[in-house]
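I've put the structures underneath this note.
What follows is a pair of complexes built around chain A, which joins chain B in one and chain C in the other.
Up next is the complex of A and B:
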């Protein structure tokens, strides 16, 4: 991760100009209207103002700034934090629905100890925190001499500083994040090429936006902040939007031009465009010569094989379109690409991301205003004294994936079955639900059920997720709305910020924040780890964390964050072209178009198109499954939110009418989706059943299922069941729980991940969600 | 000085069909499950590969010539001086004449209270000087709200400088929700939009 220092920032004549510029980009209409756009809320009946606190949303990875509005200690409304540089007053449906998670009728409010066997026959009895801690400390003490037998599994390792600290303080390197099932390939592709994990296209200031398999108007790592800037770019800056995808979605629906691409062949579209740009001399010669580690001759030679005619034959995009779009992209400045999971979640995903990135490199659209920018994000150090990082383990860094980040969770979990090599004493899961979210999740469940593989499983969770249901003990952590954390994200505004998550209401009943849980446990386990949890209060810990952020202390430090929710240097403006001073954070200091680290693994050093084996020789009946994210549900996380489920509670199979007709399938028919054996010869036969939704917005060889449905656990709301009031703890009561209607009427859909076998890109280590070949039949 | 006259403009060039308005309304107005005061209509149009999606955020039009207000037997439905059409919950007897009168199908019976409700342009927020909840939360700021009688207001200026359309102009109800660049098809058959509120599936109609 790139760290930002004061010297990076260009000095501005007047600080007020910077503030004004930022404000006007955040909400261009705010100054023209007489009614205030956010920041306050009133009671509907009395009109009296509600008390409020700013915090950070974690309903999706974006981390938008929120304000919690409270009446009599109950959270009654969530709004956007007008002071937040990414999202301002805006929030998406998920952010608005966070109240549903806080008051989930099935929320766990006391520690639970399993009785009966793990899995289907488990039942739970409440125990005291004291008894729970004592039991966990016993188990952890028993592996004190072999600390790597402690495995900690979390969602967002970067922002889970406490979890990593807890594992490291115990002496275990096995703090595993979940990027491997999300965006690992993109992170590795960008890190290898320009030395920073991720990117941030400066779409608000771009003139030409070329989208490859991304759907930022429905799903993006910075969803609200990015979508509003993309629309601003189109509406205020007249940027042209061109989209390549396999299906119609909210982004391609908004595009000036949209082209369907054969699945898995996106790299060939990008490389043939790069070829055109080189052949026609449209590239930025100075930039390429100064800032890449290859010569124009090498590039031209490497790209010559990717002719538009070959691309047309293999991708389905007409050669004339490829030539024209390549020429438009290269002759409109600034321009940027936007790429995302639909291209990177393949076995060839890392190289595909690099192929798309090459278009920006050839045209000099790198870290410039309106181009593809480096992710601007504060690197908030761990609180001092920090525990020494233990030597990397084979779990955190699987030997077959030397270039992957420490989050190759799809690869890591199956490794646990090798008990000799990767013995586990205590597994702690928190915030991540692999039994829903991982590929071949039935196998993950089998692993977690097996007490010889996982002797002891502590779930830190406010909810009975599918993963928590396989624990031995559940510690009822608070939800994100009652907890503290320092939150950093890449800034869509290109000005880095530090945000605070603070309790907008106190912890419900006896639930505890993870700061309290980790501190209490560290003291009980002892053996030296307690010295890293000696903070007098969570605020002291947070103060120690933000100590490394230059400028924040002068602004008021933690007190400033508690009052405003977010801080950024008011004098800063986007430091475009930051690489000019010290080069890129790569071994050569240049953009590594040719990557020795990739060729060291036996793959082409240059961005290359590698056909996906599973897609070659597809038979007539074979279709490619796409699992897509919507703006309503976030993977395994949000299905306990009734307002979201009411909108998206099931997931029909989207299928092209011509394809359906050949299979004798009509709209609304029940269908079985069977994983074809081509995907993985060893994988067991797996299938799911849902209804067909005929749509002309699908490539004929592609069928699609939405993510986020089909939970097998996670409480009554996720199951679409009504809950009578008298079955619910008083603090969680809500008359709406008796009105839940969708389970009985429409069903709750299927978890598409059941039929996806584990398969990762050998370079980036990211799960190949998009490589599944299926057969579909009417039932 | 002329009365205030509140109006909403929804710019479909900016709308991304994300449902943030739908959920913001649920939260702000404590709208129960089963019903919606604000919701999103989505259609898909065309044949492969020339297919497009169109959206239409829906809510009460707060009509200047509101048939519902005329037909309410107890005067529970009434108009404020600023044009917002209200329902006095204490006078409503649940007879549903207003629901039958509305050409736009924007009213519902609250299943927990058995009274009729709808969108009031967040009158309580407007009275406190705040934008309606949907306008505040809209990720792309596709919704513009304000006093259209104030020529300096954003909404008046947008109305003056853009071609706008309203739903079912022929009903002569004078709706105060205006759309920019809305698709003709998505604007038709709005009396059947009830499906979108109660079934909730992402896309119900393909054309």
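Up next is the complex of A and C:
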């Protein structure tokens, strides 16, 4: 290196000082560090006092209570919150790996504006928050007269009160959530039958647990809290666990009995059991007569067609097994069913859920201790003053799905292509990644790339997800660990609770919470919407929200939540049988086994089995694809967390050895999974490639892929990048890639959703993830 | 350690400290955010260029002859590509480069970040805003703050305080900047398509790697 003389050095130093004098008012860094009097001594060894803050995890939808352990301003560990009524001190891998998301070198920490064209050729430049707000406000102001041209797309609309408030305050009803992509059919089935969306089997107190297409020990909407209680029920009550599924999953492996069911025929298994219960007089006559809107005679008549022999022929479950299990279920009290996506996510999903629910209704196992309970959760109202809800729109409520009253993103996004009917001025996406998560995601990407359909796209995201990469401007939101929210979920303990999400560390760099973003934007856009964002602080907003929860204020309100993370009425006991007082929240006040709202759409009013057309003429080569959730990855949310990718970084195709042998496929072979045109004759041909995993734990006509792999964006870990040997190239990599050993060896798997076409249950509006017929070939 | 310098004329030593402060401030500015037109015009000033050339730092012709307005647009994109992403980029944080004892991997907000924050507190440096303490720009600004204070102490005749501050500067450079900034600069010099960042990275590397001993100018 060239040596520098004192003279040259002095000259250059003076010149630097001079040139900065001109620029320094504009510089964000100038004088950011200054000397203050009296330095303090710092303990630089470990063993410093740690601070503890309770908060709520949102790495998956369960919303477990967590404690963040902070040392020297750094989050060093996340654990379960012992005081939390749902999960207590337990926390799954995803919750603990939240540290990876917070301190992810791939995070976006300044607002970015796109230069170049949308899509592959985009490049980005940093802009100030002020400039970003000004630009967004300009675009929003230009559609002030047509506010429904503002579309807001989020993950969990129920727990995104601010997003909905922002859209409504602007005057748009188009705040859309992603639940329709996941569990709309269950929500609609339960709402039509007992007036509440969802259910909560009281498995901890049950003596007989009948599982249809669910895998609660690995994946459940209340995962950790529910799995614990299921195990408790099996241990403490010696509850019998019987599982019907197409895959021998981790719950099946712990079951007393497990039976394969032909895909899409679960309703027939449940209805034939219901038939046996009626025929053998094992049903609870009093309960059925008092609390349903049908008579035992009507039921028996409607169910008579579902004989165990017919079920055996179509479902593959032996008739004798159906008779015996039906009899055991009806004669053991209390008993409950557990059902989930594997039965819900079909075009006949809503009726299948209703068929399973019928087993509980016939045996009086409804909202009783140990039975199928109503979801108990506080309805935390919006903060007052709340903006008036705009008139419903065709996007939030597609005309062809009148019963799927909310959150039907899978159905809504494709509608945007009709520019005359659904013009969009500004699209804002937040926390949801439809370019990865939606069915037919290539079409979603095409829609978002098309500037004539989406003239302006604001992505509120801490990461460069596949969806954010197609934005015009990216606002770096904080991660869930640096933000506030009120979080409510159905309680697996059957006692409702209110939980708080609060920052365990302050926002990193210039990232901002969505409260700050929505408030600042609302003020800039103005036109009256700012009055709904006039809170002095986020804490004032939260206080206004929890004001509607009786009993919480007396306990200390927000201060209580900040200290404990969760509140529930300590004197409260599960109010089983709550319907006895006022009936069910249905038009008849009863359990609507016969639903006039369903028959009004031209479908059978009673729970019924409708075969899935795509499965009726399967040839030898045709297989049904199942996409399953694991306990490690949450759809599009967690794949850049290094600790999680170490456990699950790819997704081989599970295939039965007999099936594989007929196709000449051996374990570890590369295979191509081609979507058959039986799935949907109109859809374009699509295929994905991965390796085969031979497993006896699979139905011979079914192949299975795990969810959460195969990212094309999001970050370097999700994409399996490994640290190069070259020292300088190494510098360019996320340092976490030092621990990526699988990228070249195992690959990062595939996003199974690429080969799933958009197809929904016409009753519930839920996406039929499970209706894909494929052909598999060795490559 | 610092006696050799204090022996010299206090005024000259103070001038050196001022020069260090100026240079470190400039680098802090360059590595913190994309440049403004004012900054580019300042750097292209003939006097600044000749000072830089004397220290072995030259910019390529493309940078020198290009229009400032167009360059600030290009450099904003280049700054994002180099230091923010998406895709492979240089995360300008010490803890990403330096693995602390007990850490099985380097990471954002790691042990080195805590050590830097600890140094700031110990030295009596307080920083405003929500930056991560071991951002390269902030580390340069910390050096600048110490050098500025050192110059002021010398000018007011407080040799003891000036000596303490100089020692802090040397220690911070030795324990922190020297351990990672040269690697970062080499990566920038190789990766960047811009003469501006190539030149500035070379300047930063030269400055950080100057021997900080008895008779040196640091």
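Please note the rule applied: the second predicted complex is superposed on the first by the 714 of 779 C-alpha atoms of A that agree within 3 Å, B and C clash if a C-alpha of one lies under 4 Å from a C-alpha of the other, contacts with A are read in each partner's own complex, and residues count from 1 in each chain.
As a convention for this text, contacts are C-beta pairs under 8 Å (C-beta built on N, C-alpha and C of every residue); 3 or more make two chains touch, one makes a residue touch a chain.
Since the model is a prediction, treat every value here as computed from it, not as a measurement.
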item: First, second, both or neither for A:342, with chain B first and chain C second; value: neither
item: Partner chain in contact with A:774 - chain B first, chain C second, else both or neither; value: neither
item: First, second, both or neither for A:731, with chain B first and chain C second; value: second
item: Partner chain(s) touched by A:598 [first = chain B, second = chain C, both, neither]; value: neither
item: Contacts of A:508 with chain B and chain C, given as first, second, both or neither; value: second
item: Partner chain in contact with A:739 - chain B first, chain C second, else both or neither; value: both
item: Partner chain in contact with A:103 - chain B first, chain C second, else both or neither; value: second
item: Contacts of A:703 with chain B and chain C, given as first, second, both or neither; value: neither
item: Shared chain A surface residues [contacts with chain B and with chain C]; value: 27-29, 32-38, 40-42, 44, 735-736, 739
item: Footprint of chain A on chain C - complex, ascending; value: 15-16, 18-23, 25-26, 28-29, 32-34, 36, 38-39, 42-43, 45, 47-48, 51-52, 54-56, 73, 76-77, 79-81, 84-91, 93, 96-97, 102, 104-110, 113-115, 117-118, 120-132, 137-138, 141-142, 144-146, 148-149, 183-184, 186-187, 190-191, 206, 209-210, 217
item: Residue ranges of chain A touching chain B (in the complex, touch as defined); value: 27-29, 32-38, 40-45, 47, 49, 77-80, 87, 89-93, 95-97, 99, 217-218, 223-224, 227-228, 231-232, 234-235, 248, 250, 253-254, 259-260, 630-632, 642-644, 646-650, 652, 656-658, 693-698, 700, 706, 735-736, 739-742, 746
item: Sites on chain B touched by chain A in the complex; value: 13-14, 16-20, 22-24, 26-30, 32-34, 44, 46-49, 51-54, 111-112, 124-131, 133, 135-142, 144-147, 150, 153-155, 157, 199-203, 206
item: Residues of chain A that touch chain C when the two form their complex; value: 1-2, 4-6, 8-20, 22-24, 26-42, 44, 46, 72-74, 103-110, 112, 115, 123-126, 464, 469, 506-510, 713, 716, 721, 727-729, 731-736, 738-739
